[in-house]
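Chains: A, B, C and D, in written order; residue numbering restarts at 1 for each.
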Amino acid sequence: MGAKLNSEWEPQLLGFLCKWCSYGGADLAGTSRKKYPPNIRIIKVPCSGRVDPLFVFKALQMGFDGVLVSGCHPGDCHYQTGNFRARRRIAITKKFLEYMGMEPERIQASWISASEAGKFVEVVTEVTEGLKAIGPNQLFDEQRP
Amino acid sequence: MSIEYRVSSFEEYRGGRREASKLKTQNSKLVRKKDIGSVLHQWSKDYTIFVPCNEGDTAFTVHGSRLTVYGLWDGSDINLDWYRNTVTPPKANFLPPLEEMFRFQKGKEGHSMELPFEPGVWSLESGVPLPQLIFGIRPCDARALSLLDLIFTDAYQDPYYLPRREGAVLVGLVCLNPYDSCFCTSLGIGPGESDDVDLLLTDIGDEFLIEEISDKGKRLMELTAGLKDATEDDTARANEAKEKAYGRVTRKINTEGIKDRLLSAFEDEHYWEKVAAKCIACGICTFLCPTCYCFDISDEMVKKQGARFRCWDSCAFALYTKMPMENPREEKWQRVRQKVCHKFEFYPMTFDVIACTGCGRCIRLCPVNWDITQTLRLLD
Amino acid sequence: MNSDHKMQQKLRHEAKALLEQDKVDLIIGFEAGSLKFTTTPLITKSKDDLDRLVINPFIVNNLALFLPDFKGRIAVASKGCDSRSIVSLIQDNKVSRDDLVIIGIPCPGMIELRKVEKLTGKDRDELDDIIREGDKVVITVDGKGSEFPIAEVLSDNCLACEFPTPQDYDILLGEPTATSQESRVKSRESRVKGQGSRVQSHGEGGGLQSEASPDSRLQTLKAMSPQQRWEFWRKEFSRCIRCYACRNICPSCFCKRCFVEESEPRWLMPMPRWQENLMFQAIRNIHLAGRCTDCGGCERSCPVNIPLRCLTKEMYDLVDELFHFKAGMDKDAPPLMTHYEQEEAEDLIR
Amino acid sequence: MTASDIIEKHRFLAQSNVYLPHIMVIEKIIDETPSVRTFHFNFKDEKLRDEFTFESGQFGEYSVFGVGEAPFCISSSPTRRDHLEFALQRVGKVTNALHRLGVGAEIGFRGPYGNGFPLDLLQGKNLVFVGGGIGLAPLRSLIWNVLDNRDKYGDIQIIYGARSPADLCFKYDLDAWGDDKTVDVITTVDRQESRVQSPVSRVEAGNSRLQSQESRVGAGDSRLQTADSRLLREGFVPQILGQVAPSAQNAIAIVCGPPIMIRFTFPVLEKLGFTPEQMITTLEKRMKCGIGKCGRCNIGNIYVCRDGPVFSYAQIKGFISSEY
């Protein structure tokens, strides 16, 4: 864990991106050669509604510094209601884990459509900066400094 | 790897060991309660000392209930007037809820394994491994450890449990205020039973009477300064206190022929379904039972380094016996039956002794008050 | 003759009638436990057992727990929180309302033995008697009785209870408990205050937060920094032995196979390490969002005194705050997580 | 005992730690059925190859480091010692991980544990082997053991069945035994044609594409694989056993298969005149330690790992209906 305190530490962000919208947005950002922080690792999910709070918690337990769940804008879900359900889940997960003592910056959600490459870049940049500000995830380390 | 030694019965196994270690003539000493700290201090040079302490005091609970556990002695004076028994049984000191068995790693040359430093020894912060001394263990819990010895010795020697056990010293404390859930006297153990401890303490007011029970206890006493010899009057007072405590254990079970009664009830599905109906199949009664020993083994690996762990497991969980295609104890009543029969039927069949010491934890701590003594009473 | 006794007589009578008239196959209620001041679930098909049914201040278990285990028509004795758990189970299609006869107990609150033990400095079995008399309780130790306000020994969740009278019932054993409007208001106030204290420093307005406030522990926690809170839970969960009593006593934890038992993928190791214990409880609480009725069973059953209600109550309040949802109020309403509103919780999303 | 005595004692015990596995290397992999694979393996430490002894019917605990441990019998015969074999069906976490391994991979192994088949008792007797599915694995070790000392035993009859022709394990052995004039082999399947694909084998079919094919050896072209109906009977094993009706005279039946098959086979054997002492089986239970400590594999007071896995029906009769 010593490496984490190193000044060269870069946050690791795990993104669960809906395959219909946000993943498209990320793809577009790539193909249109927009620059965004390389800190994000992406898992494509069929819908933001597929993201179980368990995934989010597990990612943080495994050492990711932050998690981003991203789906279609309200009303645009490919499956009509998936992102509305996701919204409820994310809301309680974020609020509840915050209550348990997790920094709220570590759990993030966004609506990004397939055409919003710019918004994707913006969100990833902001979230990465936010994570840099709060520092590495040492929540599950045996002893915290 | 062939089986080296089979334990045939509790008496046979223990008979020899007890003969070897038990003293012909028993000496008794006295220690003032306020001097216990200094005695422990002397012992702490050779032992890691565990004493009953209250975790509940530091826990964030509006309910100030005592959560008594064996904790590492912090060097301060101790007063045990409040102490009745722990929630976690002392088996946790020998078969910890979780322990690392060994580590492994994958390198260029393949896998290699490494045992944790001195498997089976509690190491102090200084890194010096010392055997444990458990201060204030109740006679029922001490008997429970003797019962656990059987399973960990039989057939294959357990390399984690046994070394801890062999080094350890048990300083028993006569149980003057048993709980209403205790039924030790039905199982041949009294609140003043001395068979399974090395030293036995009895509270006789301002002092403890210390009886030397085993060789190990005697040696420990020889190294201890500042004790008085006990008079006959002191011994008489201690005996009286034990007698009284014996009478305070009012809960009873009938162990006469219990093995056979359970055997004939084994197939009685209706009976087991009835008694199991309210059980919630949690692990409290088994995890906190001083004689339950079941464990699970699991691996964890991060990158190329990992370790194999063992941790407590319980027959109350369906997953415990689940195989891919079927589960021999899928139903709750089957698991309840296993728990009861293991203690009162299977253990007697194998080792000729009941694997229950009447400590009452399973009754006291059960969230729905599932009471094993009532279950057994239905078979009378 | 106190009201518990009257309710008890009526319960026995009604239960007998239900069995005799073949309206139900099974009765689930409480009988005296084998230890002082405890009760134990009575699950029976036999009329002869019904004289053992009791109602007293110690009928703490949430009997909704047993409903999915049995087939057939069941009559179940049910306090306010139990009835909400039953409704919640109906919402989740775990039981059918048609198979149930709910015998409602207007609940005056349950006595928390751990509080009595703290108050008297004695263990449960060392007490001679505990008698509730209206809003007082008389505790007798060594032959000497002392009187305390009942609020000092009631469970936290009972002090915070908004709906002591069952929400849905077929038979009600007494007059509805005066829906303690007062306690409802009080709990709302304290919640608002609790939120406030997230930003404000703790201690402000501390005069209003009496010791007896059922949610004072939550407020203390909320006043801490996130680091302190995490440290707090880390410490609490390092005691957890993973006996799963909290899960198994909970009527809302009805999954046939819990996520902790999955082996592929293995979400968490089956070992009592604080990291895993904490994750288990966090996810369990998230799964219970909109199902937990604050019956307090998990904290009561924990053998190592982990203050679990400080988690469940927060979730209970959260779903109310975010989605204006209270568990188990309307059997025809969809479960919280299967439903949504067009406009809600948007401020949490970028 | 002083602290240093104890440290010494631990050093000693640590070296003979029963829970520490030996490192083994996989030498060859054979696909038996879509979901069953046989592994040929050997000690990485060559010294141990000769030191190691075992008996037919004994089992070992096999581990994939980082995933876990699982018990399987040693399916090769102690009379053929250039390597060891075990066969397993992919059904859970550990078996899946084992199936993902290729030739040259390292696994952990500890054992042998358990009691093995009572060869003394079997000598001079007529032997009836009754096997189902992967239950042939432990029987196979014994069958080869017996065949390698053919003159010590009487008549040998093997009744083996699987769900479908594709689910028959050890087809090369079945062929070899079929060729042996001193052995009577009866093979049966629950259903001859239109095999219903089990979910397990469907997953397997998908997964095996990811495997490097050259490292594994297929079961070869067996006569049985062509599902020649003259060689294959149709029906459940207990049913076929009843039709074949082997004589109980001076005979011993050795049964191994899924619990359901075992449960239905004993009554058939009883009808044929076999006494409980004449029926031998080897059981399978969930196990962790393999040495009688962890508690889960009991049937009554008997631990399958410590007292078994080979039992006579007489030993387990009291509990088998409800606990197995």
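Some observations on this one:
Note that a residue touches a chain if its C-beta (ideal position, glycine included) is under 8 Å from a C-beta of that chain, and two chains touch if they have at least 3 such contacts.
Here the structure is a predicted model, which is why all the values come from computation and not from measurement.
Minimum number of contact steps separating chain A from chain D: 2.
In this assembly, the C-alpha centroid of chain B lies 33 Å from the C-alpha centroid of chain C. Between chain A and chain B the centroid-to-centroid distance comes to 48 Å (mean Cα coordinates, whole Å).
Mean C-alpha positions place chain B and chain D at a centre distance of 38 Å.
Centres computed as Cα averages put chain A at a distance of 35 Å from chain C. Annotation for chain D: residues touching 2 or more other chains are 92.
For chain C, residues touching at least two other chains, in rising order: 232.
Looking at chain B, residues 296, 298, 300, 313 sit in touch with two or more other chains.
Shown here, the protein chains touch in an arrangement that is not a line, ring, star or fully connected set.
All chain pairs in contact, by the document's touch criterion: A-C, B-C, B-D, C-D. Of all residues in chain C, those touching chain D in their complex are 263-264, 266. Those residues of chain D lying in contact with chain C across their complex are 92-93, 96.
For chain B in complex with chain C, the touching residues are 55-56, 59-67, 84, 87-88, 97-98, 179-181, 277-278, 280-284, 287-288, 296, 298, 300, 309, 311-314, 317, 319, 363-365, 367-371, 373-374. Chain C meets chain B in the complex at residues 33-36, 38-43, 61, 65-66, 69, 112, 114-115, 117-118, 123, 125, 156, 216-217, 220, 232, 236, 239, 241-245, 247-249, 261, 269-273, 297, 300-301, 303-307, 310. Residues of chain D touching chain B in their complex: 1-3, 6-7, 9-10, 13-14, 16-21, 23, 44, 63-69, 91-92, 95, 106, 108, 110-113, 258-260, 284-286, 288-289, 291-301, 306, 318-319, 321-324.
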